[in-house]
Amino acid sequence: MTPQTPSPALGPASEPANADGPAYSFTDREATLQARKQTETLGQRPGALVIREGALPPRLFLISYDEQTLTEQECLSYDELWASFQAHPELRHWIDVRGYGDLALMERLMHDFALHPLQMEDVLGDFQRAKVDVFDNNRLFLVSRMTDFTSDLEIDDDQLSIFTGPNYVLTFQDDYDDCLNSLRVRLRSNFSQIKRKSSLYLAYALSDVVIDHYFPTMAAIGDYIEGLEERIFSERRERRMLNRILRIKKDIVRFRRLVYPERDKISEILRLPEEVVPEDVKVFFKDLYDHAMQALDLAESYRENITSLTELFLSDQSNRMNEVMKVLTIISAIFIPLSFVAGVYGMNFQREAPPAGPNPLNMPELYSPWGYPGVLAFMTLMVAGQLYYFWRKGWLGKQR
Amino acid sequence: MTPQTPSPALGPASEPANADGPAYSFTDREATLQARKQTETLGQRPGALVIREGALPPRLFLISYDEQTLTEQECLSYDELWASFQAHPELRHWIDVRGYGDLALMERLMHDFALHPLQMEDVLGDFQRAKVDVFDNNRLFLVSRMTDFTSDLEIDDDQLSIFTGPNYVLTFQDDYDDCLNSLRVRLRSNFSQIKRKSSLYLAYALSDVVIDHYFPTMAAIGDYIEGLEERIFSERRERRMLNRILRIKKDIVRFRRLVYPERDKISEILRLPEEVVPEDVKVFFKDLYDHAMQALDLAESYRENITSLTELFLSDQSNRMNEVMKVLTIISAIFIPLSFVAGVYGMNFQREAPPAGPNPLNMPELYSPWGYPGVLAFMTLMVAGQLYYFWRKGWLGKQR
Amino acid sequence: MTPQTPSPALGPASEPANADGPAYSFTDREATLQARKQTETLGQRPGALVIREGALPPRLFLISYDEQTLTEQECLSYDELWASFQAHPELRHWIDVRGYGDLALMERLMHDFALHPLQMEDVLGDFQRAKVDVFDNNRLFLVSRMTDFTSDLEIDDDQLSIFTGPNYVLTFQDDYDDCLNSLRVRLRSNFSQIKRKSSLYLAYALSDVVIDHYFPTMAAIGDYIEGLEERIFSERRERRMLNRILRIKKDIVRFRRLVYPERDKISEILRLPEEVVPEDVKVFFKDLYDHAMQALDLAESYRENITSLTELFLSDQSNRMNEVMKVLTIISAIFIPLSFVAGVYGMNFQREAPPAGPNPLNMPELYSPWGYPGVLAFMTLMVAGQLYYFWRKGWLGKQR
Amino acid sequence: MTPQTPSPALGPASEPANADGPAYSFTDREATLQARKQTETLGQRPGALVIREGALPPRLFLISYDEQTLTEQECLSYDELWASFQAHPELRHWIDVRGYGDLALMERLMHDFALHPLQMEDVLGDFQRAKVDVFDNNRLFLVSRMTDFTSDLEIDDDQLSIFTGPNYVLTFQDDYDDCLNSLRVRLRSNFSQIKRKSSLYLAYALSDVVIDHYFPTMAAIGDYIEGLEERIFSERRERRMLNRILRIKKDIVRFRRLVYPERDKISEILRLPEEVVPEDVKVFFKDLYDHAMQALDLAESYRENITSLTELFLSDQSNRMNEVMKVLTIISAIFIPLSFVAGVYGMNFQREAPPAGPNPLNMPELYSPWGYPGVLAFMTLMVAGQLYYFWRKGWLGKQR
Amino acid sequence: MTPQTPSPALGPASEPANADGPAYSFTDREATLQARKQTETLGQRPGALVIREGALPPRLFLISYDEQTLTEQECLSYDELWASFQAHPELRHWIDVRGYGDLALMERLMHDFALHPLQMEDVLGDFQRAKVDVFDNNRLFLVSRMTDFTSDLEIDDDQLSIFTGPNYVLTFQDDYDDCLNSLRVRLRSNFSQIKRKSSLYLAYALSDVVIDHYFPTMAAIGDYIEGLEERIFSERRERRMLNRILRIKKDIVRFRRLVYPERDKISEILRLPEEVVPEDVKVFFKDLYDHAMQALDLAESYRENITSLTELFLSDQSNRMNEVMKVLTIISAIFIPLSFVAGVYGMNFQREAPPAGPNPLNMPELYSPWGYPGVLAFMTLMVAGQLYYFWRKGWLGKQR
């Protein structure tokens, strides 16, 4: 996950020809995946630590800082990290664990930082909704979900688990890339506010970066919706337009499912007592709450847009049928009566019925010198009359 | 933004011919724009002041008044404003900053009036939902959103940020025009209640003017909806009717998104303690609450109307198809059987098959003197019968 | 507004022929009207009294009573009313002001009965939602909305503003007619409970009459819906059926918008302290609450009915198209194959091609003596077969 | 109303032929009826007792019991009942009044059992939602609504009004039949728990029987829905299928409107203080609450089913149109080209134009000895090709 | 019920040919069944124990354990169980009763373990929503519903009733198979946490296993939905596709109805006082709450998917009609004009009308040597033009 969001609004233009396959599916595979993962741990003791297959080997990063200094290192072993951490009780530390693929290490972390097995299970499970727990009286366990809008139009979400301690913040994520680089850059700068504040403020700053990354995701979705709207009316509409609409709807629905708990988490933090979250940090969480609300407002807005889009699509579909019908009707209405006229003069009523003598009433037109031109003129008139009628009804132009 | 709302109900009549383009888009561009703006500030320290590109250079207005006097001036520099403000601690002041394009000035304002960086960020960010914060024990930070219904049928909204102080009110907006002129006129009048009341009352009066301006917006939307309803049934319906409906729906949805936080803001003010908002000012905010509720009631009402409009549109669409089908059916039903009759008498069954002798059963009608007139009479009868059938079914008139 | 509700269920039968015009509009003009009225007062000081154009000149009615006596008079001037009112502090008074068209009088009333300018503004504004305010510690300001279902199917609503005082009730309404006559009749009777109770009970009785008048409105709407349902299936359906449905839906939606605040008002009264509303009066308001709930229940029920009606209408519309298609299909399916057969025997393949000799394979049927009767018989068989097929499919009868 | 629910699932089979009339109406006549009833009492004093027209003359039943004994009688006069009741203050009594048609009697009951006129008005009004009132400190006034699903598919509901007293329970209902027989049978049994418990427990037992009778109503509705689902696909679908669906939907909506207040009533009872409802009776009301929730769950479930049913119906309707279109398309697509071919060989281009000489290019096919068989063979091939195409598209079989 | 969920995603492939019958019903039979069961007990005393017909004869299992030991036995009689239970007051016991078919046994259990008759009624009734009751001050009565997704796509749910006691947990279920085996396996293991904790923890562990089993059900539903989405577009769509969709929707709706009370149950447990549920057990219930929320999130997600699926289905249905129409239109539009041309040259206008002389204007084309080839060429051109027109409109390819 990188902070540079690829521009998926361009995506569809370059989609491969056989793109109607699963790529346009709108079923929530992430949901099914989660259900299946949960199924795998069936029958395990609550709080049992299980490393998922394919988990990356952990990398350990340590940033130690106070108001003046900052040292940043990747520790090659946990012992190294622990030594550095223990050596400087006067500094504040950000211990950043990326990748879960080492059970022994996870258990040592759990033990050394006094985490509850159920919390550790939430960390490794990797599909915990955003939440906050208070433990050990004044430590916080925060779960956030980092989102990214991938180039194939899926919302990719990763879990960021944050534990606070007196002079440290411990974070877990399952991937090496993340969206926290901007925060690291700020930390490195000389005048960063973070350095002057408590470790709780760092936890806030982490949550803030995560929520700020919801907006590029939203912007990408908004661009895509705008693109869809324009393409609905194009003469040669792409295939499976509705699939595309429904799929982006699924993304928005998923996004809301991710952000609602985030908002609830923050409002729970705002209700925590002064001893756990002091008033001067709450001011910042209040601001964060406003941001979460804005993200939700955007999501609601896009949801309305999708509903409009679907209505428009269905109306356009019905309109296209209408146009087909009009072509059929105009052509039939013009030529069927003409054919009838031609058919009349193709009848074989005999003027001369040899044995019985002449039947002058039988189709005298056929024998008139102006018969054929007369019929042709009559037919032309009929066509003109009908065309005028259809034109007046507005069937000849386009109408949507 | 001016208090004179242009009359958009007339708009569509004068729309350019190629108006089906983005002008009728119903995707919420404002939302996407906001998401993109938020994206730009990604990675910045919370409370960092950022001046958006294109921000206007600030203009500073100062209105100083007490019960008897009122002086009004545009200050050319902040120093001038500060001097005037400091020179008259016995007066009440309305300091009105329009345009954000000067970072140094903004920082001085923040410092001199003891604003929190997060508040200042909300001011400059320009997309804060309506809210109220209490700070410094009894000062208020109010955010309102001023709306305007533009001539191209968009709801334009600007942020009005209000800070109260012991003897002043400080407001920020990003545009030189605003909807507050009527308030200024009232202030200038000799007997204005505002002059006799606290600076908090001025903050109320500002919020009141903002909410009062929701009603012309609503009235314009109502007119437009009424116009749409009438045009749905016109014979030559305009193109992209549904787009127009969906677009005005988007406006209403946006309007609600703007006004709901406004209502919540006021009800939060009503719950503030007596020390912050005294009872005699609360009476006025209670009245304001009623106004906000009325605006929301109107919005809900219009939303229902839009739903009805959409249903009507879709039914009319289906009806038009029905009419096309009826034309096809009537013409086919009349002429196909006639053609068949003509076809029968166009068959070449031979009465005289030379070698074999006469076949008197073969199409004797063709040789009867009344054959042709008889067939024509029969055909006329058929047509008359069918027309009667269709007329009885009510297919010949219009029916909607 | 009169208590005799005209019977709108009969209305449509006598609608003029050109009734598709605005009479069937379902946009909420009342809403737009309100928005426009609110716009007019833009920029006025809150609490400024404004008399709307066209307001009727006020008429003043005074009913003074105690347990034994009752005097009723229309006062020709305010001085006369005030004198009568002041002369009998031992009686209870109902001062009934109808029509707002006299600013000076309104200001005197406001002053003499100690009303707040904001309250007076609510009275004159005439579009205040139902609400209750407590003022002067134990006086109540109640707003109710009186409804009427007019003969052109609109819900007409008027505002009734009620101020209570120690020994009087002061009411305002903008029209000379009202729905309170039944209450006056009860007052005049010798044994009326109202005479024995406090002035607050009179305020209750007024609210009760207003709510009781919701039911004739509901009954009229119910009758109209039932009529609509029956007419949907009539062979020659009226034009703009859906407009009618949507319009009555608008009425129901408006009705709910009027009654919900009424219910909230009463439940707020029930929560008022004993000093303001004594327990023995609350019993009556509790009963009133049940009535308001019943009115809302009815409105919800009708709303569901309207949804069903819309579904039925759309299904019937689709059904009518289906029937058109069936007629087309049956006629085409029968006659197109027949025409083909006739066409075959209209071909000119030559049995005798003079230079080349006889071609006995070329259409020998034409020369058979049974050719023509045979073909006719074959055609009859074809038709019979098809008719049987369509009958078995159930296409020949009606099916809905 | 009887406890034996007729089996309406069988109903439709035996419906009379002309059953499309009002019997299938889905408008809520009960609602309109109620509105009209309420209208009749317009202008009456709150608490005025009014006997509806057609009210049955009251019958008075008295069951007196203690742990050992039970006497049951129908009293022919109120004096007899009052004497029996007064004679045994040591027993518990269930006074059961059926029919309201005697105003004097009702007033005596109101007076003797110290009921409030508003309560009595609720009893006689007969359309009070389920509710509970506490009066006289510890007496309860309970209203329940008894439902029945009639053979013509309407939900019939009657009001059961229950007043508790120290040693008696007083019930009112407007009909002679009721659903309480099972309770009477239990009372008569020697070991009935009711006999050993307080009169409040009897009130509980009555409410319990009423709620238990919701389930046969629900079961009957469920059966009917299942029947509808099966019939949707039948080849010769009944007329007005959608009416039937919408009508059963109306029933479910009404049922919910009846049961929601019932649930709220019970949860209000559960919140009453220990003095009014002792804990050991609350246990039973808690169980009742679970039953009411189950009934609501069922109603929600059926509502979802009805939504599915409507979707299926509309899809099937569209499907039937599709099938009609397919028949038309297949026949047209086959025979129109064939007719064209026949038409070509019916043209009269002359091989020999006497004055000008032979035109050998003019339709030489007509003169070929294999012309006719060749054309027939070509036509057969065309038909075969098209049939193959339609079969491959899956248009020849049924598809839903 | 077994923990191995069959894979219903494969199901449809192997469905029997006549599978359109009730197997695809989407009415909620379980609901109707429940309503009917409730009807059967009509008129019974609350708390009366009734054994349903077909109830299995009870089997009694006893697991006794402390931190070191564990004995597991199936008791052949209740006396044996009671003896074993009484003999070891120092151990903790899990008494597991499967099958309800023995009224005397049930009554002994109720008496010996001091259960309330209403609770026992809930156990035997077998359709109690998930709930928690506190009784005897600190004992809990928990009801959970165990789900299973059967191979014929129904959600099968069974009730698990749990009573806690000082040193035992008593469970009831009506089937011999259950989903608790994984828990038994964990208990048998030497280091099980359960053995070290209170009996309340065992009750938690049981609830945990039940909720964990919701996830395989969800995963199976998710797989099925994904399968449905893929099959919607297949050329030869299966019959009754919509039935399948609606049926899986019914499953999801039922699932939510099962899980919502489960969540409420847990949140009620979390609000119980410390004496009833100690803090260290609450931590585990809090975790369980998260799991229930995840299950509900999944259900909401699938519900949205089903809505999308329905929209897609209906759009596809309309699309297929569109395609039928296009075939009809293309063939008609091509051949009807051609037939007209052929018809024209099949007219019999005479060039030579013997008595009157030559009519050279009558169809001279017929006598031109290039007449026939010319007409054929003209026809070919017409077809080419139309094909080009249709191709440009995009009607010749597929478009969805």
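Order of writing sets the chain letters: A, B, C, D and E. Residues in each chain are counted from 1.
We take it that a residue touches a chain if its C-beta (ideal position, glycine included) is under 8 Å from a C-beta of that chain, and two chains touch if they have at least 3 such contacts.
Because the structure is predicted, anything quoted here is derived from the model rather than measured.
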Contact-graph separation of subunit C and subunit D, given in steps at minimum: 1
Touching both subunit A and subunit D (chains): E
Subunit A and subunit C, separation of their C-alpha mean positions in angstrom: 42
Chain centre separation in whole Å, for subunit E relative to subunit D (CA means): 26
Interface hub residues of subunit A, defined as touching at least two other chains: 318, 321, 325, 328, 332, 336, 339, 343, 346-348, 363
In the complex, subunit B residues that touch subunit A: 20, 22, 25-29, 31-32, 34-36, 38-39, 41-43, 45-47, 116, 118, 121-122, 127-129, 131, 133, 235-237, 239-243, 246, 249-250, 253-254, 257, 310, 313-314, 317-318, 320-321, 324-325, 327-328, 331-332, 335-336, 338-339, 342-343, 345-348, 363, 365-373, 375
Residue ranges of subunit C in contact with subunit D within the complex: 3, 181-183, 185-186, 192-193, 205, 208-209, 212-213, 215-216, 218-219, 222-223, 225-226, 229-230, 233, 283-284, 286-287, 290-291, 293-294, 297-298, 300-302, 304-305, 308-309, 311-312, 315, 318-319, 321-322, 325-326, 328-329, 332-333, 336-337, 339-340, 343-344, 346-350, 353, 356, 359-363, 393-395, 398-400
